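After this come two complexes, each holding chain A, first together with chain B and then together with chain C.
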Partner chain A sequence: MVVFFVVIPLLAAFLIPLVSKMREGSARVLAVLSGSLLLLLSIAGIFMIKNGSIVYSLGGWRPPFGICMVLDGLSVLFLLVINLIGFIALLYSWDYIKRYSSQGLYYTLFCLMLAGLNGVAVSGDLFNLYVFLEITSIASYALVAFGTQAEELEAAFKYMVLGSVASAFILLAIGILFGSVSTLNMADIARSLAGSESRKLILFCLGLFTMGFSLKAGLVPFHTWLPDAHPAAPAPVSAMLSGVVIKVIGIYALIRLVFNIFIFTPAISQIFIWMGIISMSVGVLLAIGQWDFKRLLAYHSISQIGYVIFGIGLGTPLGIIGGLFHLFNHSVFKSLLFLNAGSLEYATGTRKLQEINGSGRAMPFTSVSSLVASLSIAGVPPLCGFWSKLIIIIAAFQAGNIIGGITCILVGMVTLASFLKVQKYAFSKQAGDIVSKIKEVPLTMAAAMSVLALFCVLIGLFFVPFLDQLIRPATNVLLEGANYVNLILGG
Partner chain B sequence: MSLYILCFILFLLGFYCLLVKQNLIKKIIGFGIMEYAINLFFILLGYRWEGEAPILDKHQVIVNFVDPLPQAMILTSIVIGLGVTALMVAIVIRIYEKHKSFDINEIRKLRG
Partner chain C sequence: MKESGMSLIVKRITRITVSLIFMFGVYILLHGHLTPGGGFAGGVIIALSFIHLVLAFGKETAFKRLDQVGASIAESFGGLMFLGIALLGVFAGKEFFLNVLPKGTPFDLFSSGIIILCNIAIFIKVGAGLFAIFVALAIMRIPVDDPGREDGR
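Moving on, here comes the complex of A and B:
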């Protein structure tokens, strides 16, 4: 059952190049089909783990000898994020990607990326996690370069070099860890480390892991590739990169390792908190001056990821709930904003805010959904972004972290100012010359944006049941780190 | 121990080359050196002095085996490295077609 999360997209990625040779249009049908299957499967996953987490041993080899896949609260949350945004992005690609040649290759790479992301989320084996991480990374490097214009190639090369450095550090850390405990199963490593003495080696590993995964997540000292790579990709891919990829191969892998394998010490908590605060402030300050819509959004991603890692770094139950909730919300509204930017580019042919000039009348779906998303990211009350930011701020003050709490509030205000600028220039200003010629985007693109906007509102209104159903099980996995060993190795 | 340190120095050499060199091709070579240093490190982890090949036979007395697991992992890692290198070279060729240069100073447009 769990293995289908990886098998379905891999099978689709294999079949798409074959069938698209015969009929060009069949590629997208197959891709959307596999995307919807995955979405259904991950919704089913929420109910399957009600009676306890599921461990699947590949080939029947019991852990710790074989590779196992684990479906617990945290995995289910991330699977839902991946497959929800993945499905929406595939739906949006239906018409959007017609502008590029070789659609078959695009969908193949997209499905490979989905397979890698799902694999990272369910893997219970450290080397297996690395392999899936590399599948995701290679597919996303190629997708960033998909337009093959000078800028896109340069961004992709930059992304590739830094991404490969991160992968190399992660692999080195896995090697050192393997050398000291002689096992690769994550639960078994946790059990061995609990009784071991070589603290210095573990700290060195932890440093390498933190650096590698922060580079993948785009946290501030390692963020320079992100504002180039995310805008360069086609819009649905930007939505995936900003909404899902940096979270799964950065944040998810990091917190899974730190909470379930190593022990969450005050030192690590301080590192996370300060990385969070610095990312928040630097990201938003760099975002203010941007006039390229997608580039502005990419800088805001850095800032919002700062909130997530800050909340989780607090280490209190409320902080982790806030961090994970904000992670989910951010993936919804940031993907939506990137899709809006893609629609504007589709209709007007430019991403410069000054040139778009008041297209609100001509594009009702785009303007309304982008208004919802902008208010969400800025944290205006009934919408989803408000609640998660509020929880993080309350958690910060509760934990006695005054500097962090105040930074959260200030960054929220600057974010609001920055998005008011976007709304004013892109939608509500007096109509410019371009506007008379533009039309609303095709139906599938409008539908994809509307669904995400609906999610923003619904999660905001019904955030209590949402927290109970999804976020609390995930938080429990992190808080009761030692249970992970018992779950997989059986007491 | 000195072998591990030499291996780490090789890794740092590759890292230095990747970060400092201005030529895109040299950057790729630096990445290759880094990759190989890690592969070497894994193989060293599994190596036993005067160990035997890890093949289980009926009449064999098991005394000193080489650990086969790192070797299996390194096969995977080499394939991944091949994929990344191929993609890097492909992108660099396209960059060269656009700019007619491998020098990073002549290419740089984006500022992160």
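Moving on, here comes the complex of A and C:
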């Protein structure tokens, strides 16, 4: 079953160019169909791993000789993030993307991106992980440039150059590792490295991986492409990029490697913690002065990814729970905010907060869902963002990291200020005379936003069962790092 | 009809070499499981033969054989074929990518089960894909002023 996470979107991606030549509208039907199948499959995945993780060998070749796919707690969490946000973004695209020409191309690229993301999340082979990572990256470069205006092409070019640098570093590290241990199966690499004496080689590879994946994740100081690339894309793609792509090809790949292949040492912990603290503070300080709604959100993504990597970097069970929980929550509310920004742009034709000027009032779905998302990201109880930030802050103080804990609190306050500004200018300010000309967005867009807003509230209210069902299995995979080898190679 | 492309000498030579290049590509493809090469290399060579046609005869003549729409359809078809071959194992009730066909005698032309079929699928995809990339780079132009949106903003 595991392989269908990759097969379904690939099938859709190759079928769409064929069918969309016959009927333009069939592309979106196919894409939404594959998105909903993937969502159902990822929900089924939660129950499939109840009796232990699943290892799937491609072509019947057992690992370490063949390529394998692994479905464990961490993969299931990320698959759910990918396919939930992917489905919502496809639903939102249904009406939104009608403004652009060549819809078939859009849905093809979107499905390829989903295939790549799902592949990264289930892959048990280091080179396969790299291939899927490149599929995701190349599809997202093209999607950022989809509007083909000067600004979008420039952003996509910048994204492509820096993304290729990151990929080159990752490929170099994979090459060095392969040269040293002669295997590409992740579990087999972990087993070989555990008995290896070459500390310098491991450190060098780890440095290359950290740099490459941090660039993909947009952590400070590797963040410069992110505030250009994320706002330039069409809104559903921005939601995918900020909500999912930076997490899966950045954070997921990094923590899978660090926790399950290498060993999580105090030195790595310090690197993660400080990258987290710097990303948090720099991201939010750059965000507060922005007037472009989507650019402001992009800077907040850097800041919130800082929370995630800080929480995971603490290395304590509570810290990892907080980090992963915040990762899930961030994907929900940040996607929602990007969809809100897309709706405002759809209705008013601008992303500048001063020009929107209270006209969001005429759009009830957009304004209510954006209020929920803003309060969530700012960490106002009882919405989902509050609990995850609280867990991270408690974990920081428990681990004795006073500076980090205080930074988390301060950054949370600045975030709140920043989103109060958004709410004031976009929604609650006395509306100008353009308000009579705008109307609420079409039904599918409103539905997509409402579902995500509902998720923000529901996860906030029922966070305990959510943590038990989804976050704890994922945390256990990271904490029992060496168990990964026994799982795949059969101990 | 207006003459396009390069001089008569180039055209005459191209007419001879293109078919040879094409045949060499098919040879590389069909012996992919026996000698170095395979679907990717064969596909690149086939794409080169089409590019050769474009360079020598101009785009009109070459596009009569394979235009951009045709290349796009062929590329999608190649991808679907590869996926379909991989799914044969699932339909047989076993693993994805399982080699379900009889393997034959090693070093025979028709041996190695699904590998030769996979090579053919890769061949179609790579050949059509590379040709489409060439067409996109050489011929398509995005006007600077056209925003590419229907509402004209």
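Quick note on the criterion: the second predicted complex is superposed on the first by the 490 of 491 C-alpha atoms of A that agree within 3 Å, B and C clash if a C-alpha of one lies under 4 Å from a C-alpha of the other, contacts with A are read in each partner's own complex, and residues count from 1 in each chain.
We adopt the following convention: a residue touches a chain if its C-beta (ideal position, glycine included) is under 8 Å from a C-beta of that chain, and two chains touch if they have at least 3 such contacts.
These figures come from a predicted structure and were not determined experimentally.
By the document's definition of touching, of the two partners only chain B reaches A:His223; chain C does not. Ranking chain B and chain C by residues of chain A touched puts B first. Legend: residue contacts after superposition of the two complexes on their common chain; A:Val161 is shown touching chain B, with no touch to chain C. Shared-chain residue A:Thr148: touches chain B and chain C both.
The interface of chain A with chain B overlaps its interface with chain C at residues 148, 150. By the touch rule above, chain B contacts chain A in their complex via residues 11, 15, 18, 24, 27, 31, 34-35, 38, 41-42, 45, 69-70, 73, 76-77, 80, 83-84, 87-88, 91-92, 94-95, 98-99, 107-110, 112. Of all residues in chain A, those touching chain B in their complex are 127, 131, 134, 138, 141-142, 145, 148, 150-151, 153-158, 160-161, 164-165, 167-168, 171-172, 175, 178-179, 184, 223-228.
Those residues of chain C lying in contact with chain A across their complex are 69, 72-73, 75-77, 79-80, 83, 86-87, 89-90, 94-99, 142, 144, 147-151, 153. For chain A in complex with chain C, the residues that touch the partner chain are 3, 7, 10-11, 13-15, 17-18, 21, 56-60, 98-101, 147-150, 349.
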